[in-house]
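The two complexes that follow have chain A in common; it is paired with chain B in the first and with chain C in the second.
Coming up: the complex of A and B.
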């Protein structure tokens, strides 16, 4: 995997601690909740600090890739997520895992951001970020059963509602989603 | 108010003088939990720097106004930022130059012993709990367990007007990178190490030496060589005055093995060393170990880490009149499952199997003092 699509890229290369985190904090203020920032740094200590900072402040630390001297961090801005799940047709993680194990034909639509998908997803799942759903709905068959998943069930709730409005017939929201997924996963990065 | 810089040496001098200090440690909570600047008169407060980017107002009630304040971080940058913020709030604060990295690398030199034949200096690596030594006699010097900061030993020898001619490692270190090989290359000195420790470069095998003699010094090699596994640690008995005990006897007690599956074999070796070799050594001999756990607990009135054998015998009932099985049981129970950080890579470097750039070496060594943990794999 060479380039992972994000909403913004911050160049913090050559900067020593504390500047990578100071700049990240400033740049995150310019993003909307749910958007993803890639931080390119060379300071090795930035990984542990960024993780701890995200935990502290409520951002989602997605992952880090080291390519030669450059360290690429991916962080998704937290806050303002809708807590209430409205779409009525739910399926629990365990139930979906059973379907996968019994080799039923199962289409899983992962509506998280490309970077989240790159670090961790269910094998065979299709990646369409929530924001791109409408443009790319023609890729999908409206008649087949479809299991929509995100990290915690919120984005997939919105996605399931939208798909139903667009005429999809058999859509299920997977809860709680990837944050609690115990089954096999794969990633696109080394 | 102003911000000043303090070196590791300046801060350690304050620790030695038992000055009251307040250390604001702005590293990650995990790093702080792992290791920090220790001292009985030191108060700590840990909050990661990234929680202070918008200012220090929220922690001002945690910071005393009647104590000296030193801000520390991993490398320096964040502590400088926070010290400047404190200064804007009207406090006088300093920060540690080079951060905890420089603390990990600081060596404190002190004289241990002196007579008409030799002089012994101890080098205390305060951030890691490792000890190294220089024995000076005539125009020569012998270094015991050198750290990788070889310039320090070369300067110490130059200050004495002597040449380093012999270097010994009491064991293959798992917690820090030995300077033995580099120092031998730089000075042309002979470098001695137990062959059974698995090093692959050129050195003199301690197995072939009962004694190393130079000038007015006679150094006796005390090792228990059990066939089939590494002897672990060698001791050096010098001029019947000083015992460099390596990993076998510490000021605070006996060496403890790790859980490499050979705990009991190691303990039996230790029993042989203590009961068949060390038992012949008189009470007035000074024991100088390779490691310590707590500086202020173990430092003696003369200002170095070490103790006369008689005192160690008195404080440790395991040193005499024990059956082998009781002894082995006792030592085995104190075995630790905690290993020094990155010990596998450090061992590989010390064996000459792997190479590492200086920055990598710094990274590998940084972290808590788990020196007293032995490796037998």
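Coming up: the complex of A and C.
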């Protein structure tokens, strides 16, 4: 997998510490909470630095891919409003895991950003980022049971509400979501 | 991590400049409030002329090439970054008097103060560093 879709790409190649962090900080100011930045760097210390930086500032470190000399980091901007989960039809992670184990036919719709999905997702789940839901709803069958998942249950809550408004009949929000998922996962990258 | 970092810069070589300004900009980029007190040889780091020719420690001159090869930012760039990120620079008045340095000899946008000015900033800092 070479190109993971993000909201912005920062070229920090050839820059030594602390410039990759300083540039990332500045570029993050231009993004909205929830948007994803790809940072392309060559500084080998930048992986550990970016993880620590995200933990301290409250951004989500998604992952890093090394391709030859170039290190690609993916970071999702934090600071989202904590929204209450409103959609009433919930299913817990464990119950969804049991359905998967018993080989029930289950459609899992993962509404996180493409980079989050690329690093970590439930095998067989379908990736449709929340922002693309309306354009891509024709890919989905309104009559089948559908389990909507994100990282913590917020985006999937909004997605479940939207799908219901659009006429989907059997939608469930998976809580808490991928942040606590204990079952097997796969990724699209090496 | 901390949200307030107090640094004393008391040495004047190129190595010292990188130690001070790297930690300062990295801290400021991690949302810390950062203040640096430049005292004795450390004043060299913010001296308009002095900081253009910061010496390498004796016997370490060959590292000049390493700095180029590693593409580290110049001290001027780091100072601009640091200011841009809100790092506070305090020049030591007593050192200036002893060394006959005027405020005009120092880079623009700094404060001049005494020991207590720095201590007042450092008293509730979570990280205190001396270089």
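Everything that follows uses one rule, which is that the second predicted complex is superposed on the first by the 189 of 190 C-alpha atoms of A that agree within 3 Å, B and C clash if a C-alpha of one lies under 4 Å from a C-alpha of the other, contacts with A are read in each partner's own complex, and residues count from 1 in each chain.
Here, a contact is a pair of C-beta atoms (placed from the backbone, for glycine too) under 8 Å apart; a residue touches a chain by one contact, two chains touch by 3 or more.
Because the structure is a prediction, the values reported are computed rather than measured.
Chain B and chain C, once both complexes are superposed via chain A, clash.
When the shared chain is aligned, no partner comes close enough to touch A:166: not chain B, not chain C.
Look at A:48: by the touch rule set out above, it reaches chain B but stays clear of chain C.
Of the two partner chains placed around the shared chain by superposition, chain B and chain C are both touched by A:25. Contacts of A:70 after superposition on the shared chain: neither chain B nor chain C is touched. In the superposition on chain A, contact is made by A:16 with both chain B and chain C.
Look at A:56: by the touch rule set out above, it reaches both chain B and chain C. When the two complexes are overlaid on their common chain A, residue A:184 makes contact with neither chain B nor chain C. For the contact definition in use here, the residues of chain A common to its chain B contact set and its chain C contact set are 16-19, 21-22, 25, 49, 52-53, 56.
Touching chain C in their complex are the following residues of chain A: 14-19, 21-22, 24-25, 49, 52-53, 56-57. Those residues of chain C that touch chain A in the shared complex are 1, 22, 25-26, 29-31, 70-73, 81, 85. By the touch rule above, chain B contacts chain A in their complex via residues 28-31, 48-51, 53, 73-75, 77-78, 81, 363. By the touch criterion given at the top, residues 16-19, 21-22, 25, 44-45, 48-49, 52-53, 56 of chain A touch chain B in their complex.
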